[in-house]
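Labels run A, B and C following the written order; every chain starts at residue 1.
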Amino acid sequence: MALLELKHVVAGYGGAPILNGVNMAIDQSDIGVIVGPNGAGKSTTLKAIFGLLKVTGGTVEFLGESIANSLPDKLVPKGLSFVPQEKNVFTSMTVEENLEMGAFTRRDDFSETMQWVYEMFPVLAEKRRQPTGELSGGQRQMVAMGRALMSKPKLLMLDEPSAGLSPRYVIEIFETIVRVNQEGVGVLMVEQNARQALAFASKGFVLAQGQNRFTGTGAELIADPEVAKSFLGG
Amino acid sequence: MIRRSLTLFAGLFVLILVMGWAMGLPFTSSRLVEATAYALIALGLNIQWGYGGLFNFGIMGFLMLGGFAVTFISYPVNPQFWGSDGPWMLGRALIAFGAGALLVYGARNSDKIGIRGGWKTFVTVLAWFVGYCVYRSQIDPAAAYIEANAGFVGGLGGHPVLGWLFGGVLAAGVAFIVGKIALGLRTDYLAIATIGISEIIRALIKNMDWLTRGTLTVSPIPWPTPLPQAYQASGSDQFSSLLLARGGFLLLALLVLGIALWLISRAYAGPWGRMMRSIRDNHIAAASMGKNVTARQLEIFVFGSVLMGIGGAMLVSFTQIFDPSSYQPINHTFLIWVMIIVGGAGNNWGAVFGAVLIWLVWVVSEPLARVIFDFASNWSTNFGWGAIPEIESRSAQMRVFVLGLVITIALRYAPKGLLPEVVRRDA
Amino acid sequence: MTELVFFINQVVISGAVLGCIYALGAVGITLIFGILRFAHFAHSELMTSGAFFAFMLAALFASWGIVTPIPLGFVVLPLAMVMSAIFALGIDKGFYAPLRKRGAKPVILLIASIGVTLMVQGLIRLFFGAGSYSFFENETKDIFRIDLAFLGSTRPLVITEPQLLMIIVTVVSVLALHFFLTRSRLGKAMRAMADNPDLAQVSGINTALVVRVTWIVAGALACMAGTMLALDVTLKPDLAFNIIIPIFAAAIVGGLGQAYGAIAGGLLIGFAESLAVFNWTMVLRPLNAVLPEFAQLPATLSLVPTEYKLTVAFVILVVVLLVRPTGIFKGASS
């Protein structure tokens, strides 16, 4: 049984559906990367899983349990968390407060998790008392990831974590994602830097027009000439 | 849609007939004149809110301006004032006002002579303060003198219809200033700003005894059409002269309403109205298409306020008394909002329908609430619970509750009103 | 010295009292705005009804023969605050929550809050008539006169017991609010939701719970403000309706959504109002001895005549909006 399994998911914002039968399966050991052209429904897939828009067909199962159309406050305690692409930190709050908000659904002592997050992002430990609004873009992205990790998720979903970052930070963020995965957190992310991301993906999904076009390991997809030609820019 | 309007207006007509039969024609005709004035006011709000999406919670202030305007224009001349030192003292106050304004203007442009930054701010604040003191030093004694020697300034003895027009002009002037300051702000701020303005207007009119007689009230204010007394003098009996006079006033009021409706419908059907709708529905898109959103909104705010000023003037003309302390936000602001919400924002006929319906219901509800309360009181007395004390004031307050209930229910179950806006598909 | 004491009595004390009341009211408005994004006009009625809850409880206590060393109004305040909080929750559930669920614009909620204002006001007048009530019908209002003769003042410093308690209670509640917002899980969640509602939802914050907490805090503080206002003057059905403009001005001046800004704004407007209507002749009278005959000070010399006190808050509001539209503390931008 996969950790997260999508079968023929149909979803949208009320009008014509944007997803027309997406299939996906992710294990806790996986790093799944969704790539595809603009408007293919990459971010929409993540939002549909996380209950931010309506799933009208197909099934979404997490740990064998249907989670279609569950709201985040039910999903986060189950072990799912999500880092949106934009506006993903509470700018008026300090780094530490941001992390605490990630642990909102936890009623146990989360100081160990916070320690773990600070070890993963040492720069955040230094700036723990600073308002997040004063941090750089890359540091904000770390806060956002740290916030999402505070609930000790089984699966971390990231919407374009490298968007708007300088190449140096892109590598750093990707390295961190791999490290998070090695610590036992499954990852499902949408990426524009497709080639770079697929390089370390254990599962890759190429979406187009709301449907899976190609599925395979990251290496397979990079090697596939058709994928390379149509979706990875030659 | 048209059928729905016809049905609703037919129902309203039946309601008026029933009212005329139950409450008597003189009562009903008076209420109809008031309803017409309110319809004009509601049209004004409909332009602002329904067309422009602009918030105006200061309707009361504009009605008071209209009321003051018609009082000032049409009330007979006060020879005591003109024969005293009053005009001269007021003239001095006016000069002081001008000097103060000049001072402030100068300070605001003081950067031209090299005063900059913090110093300019300081000079501006100082200029405001000095200008204010200079004005106060002239107006305070003038006000005290006039109040002591002449009562108040009095009127100009002009025709009441001129007063109505002046009411519109005055309201337009104030709306222009308010709009300049507040229209660029977000809606919540505009709501608060308009409430604030109307409260300031009320405070001013209530306390400037030298100009408005304040709480002492001014009456009788002449009618634009012959008074019942005139008909009586020419031989009609009391009942029919009352009806004739009120009918005359009603016709004039309906004429004004008709002209307003015609002008608005024409403007709204044309390119101007199309632009207005596009601004209301998506002002960012409209702005990006090169429309001057703020200027258009200012236009609409001023136009709406003009109708409110005229309507407010009409009401005062009709009741023949200007009593600043009778103005309440509940009766003169929120009631109009209920008319628009119930009638249907964005639809002129909806506004007119809502105004007439709500006004009639509002006036009838007073005796009606009284009857219900008397009934409940009898009932509770029979049960040995004793009578309800202070029935009169309590039954009146019940109407306020019902008004609030109508707003919340309408918003929840019929957010578009009884006669919703007709969505035009512009080709 | 006498003049200084007079100034303190007239401006500092009354300004502080007014400022406390404005601040407590404005905090509620600003919190509701931060979380629900609409200007809650009916806040005045939460204040007035809160004062009436306290009044009824005090009357009940008095009828049981309970006598307390401090005014009963303060003793029953916690209980009345609980009642107000429940009342606020009920109003939200009955009138605002259905509109929010439908996705109505904030403007519609603002209009609905006007409807609620009228309903609550109608109900209060239905039950209590239009007259005014006093918390001190059976109790005496203690007035402390602190003799300052040793400082050379012929006039004592005057403060009433309710005023003194009011300032203390406000300081305590502002501190409590501060700790709530910065230390507690729910308080931080409130700030998070005011900052970024979508992210708050994504983080798994129970937004419905935060909304409820907001109404509880706002309702309780409104009750406190209303009761204290009624203790300072008299209790009447339009108690707070008349001061909603300065309270909104305080919230906007402080920056909508900013709790500390609202407190600062409330105090600013409270002091400004007292200062504006202050009669300077009372302080400057000694100058009459040295001034020539024609320049004698008039009997009243105040910046604004008392009857225009209401305009002060509004003028401050307009100036702040023109100079710094987001308020003194940076307010919500949307």
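Assorted remarks:
The criterion applied here is as follows: contacts are C-beta pairs under 8 Å (C-beta built on N, C-alpha and C of every residue); 3 or more make two chains touch, one makes a residue touch a chain.
Worth saying up front: this structure is predicted, and the values here are computed from it rather than measured.
Using the contact threshold fixed earlier, the set of chains in contact with both chain B and chain C is empty. Relative to the whole-protein C-alpha centroid, the nearest chain centroid is that of C. Chain centre most remote from that of chain B: A (centre = mean of CA atoms). In this assembly, the C-alpha centroid of chain B lies 30 Å from the C-alpha centroid of chain C. If you average the Cα atoms of chain A and of chain C, the two centres end up 46 Å apart.
Centre-to-centre separation of chain A and chain B, using mean CA positions: 57 Å.
Taken residue by residue, chain B touches two or more other chains at no position, since every residue touches fewer. Across the assembly, chain A contributes no residue that touches 2 or more other chains. Remark: chain A residues 50, 52, 71-73, 75-77, 81-82, 84, 87-93, 97, 100-102, 104-105, 147-148, 151 touch chain C in the complex. Of all residues in chain B, only 55, 57, 181-182, 185, 187-189, 191-193, 195-197, 199-200, 203-204, 206-207, 330, 334, 337, 341, 390, 393-394, 397-408, 411-412, 415 touch chain C in the complex they form.
The residues of chain C lying in touch with chain A in their complex are 185, 188-189, 191-192, 195-196, 198-207.
Taken in their complex, chain C has these residues touching chain B: 33, 38-39, 41, 95, 98-99, 104, 106-108, 110-112, 114-123, 125-126, 129-130, 244-245, 248-249, 252, 256, 305, 307-308, 310-311, 313-314, 317-318, 321-322, 325.
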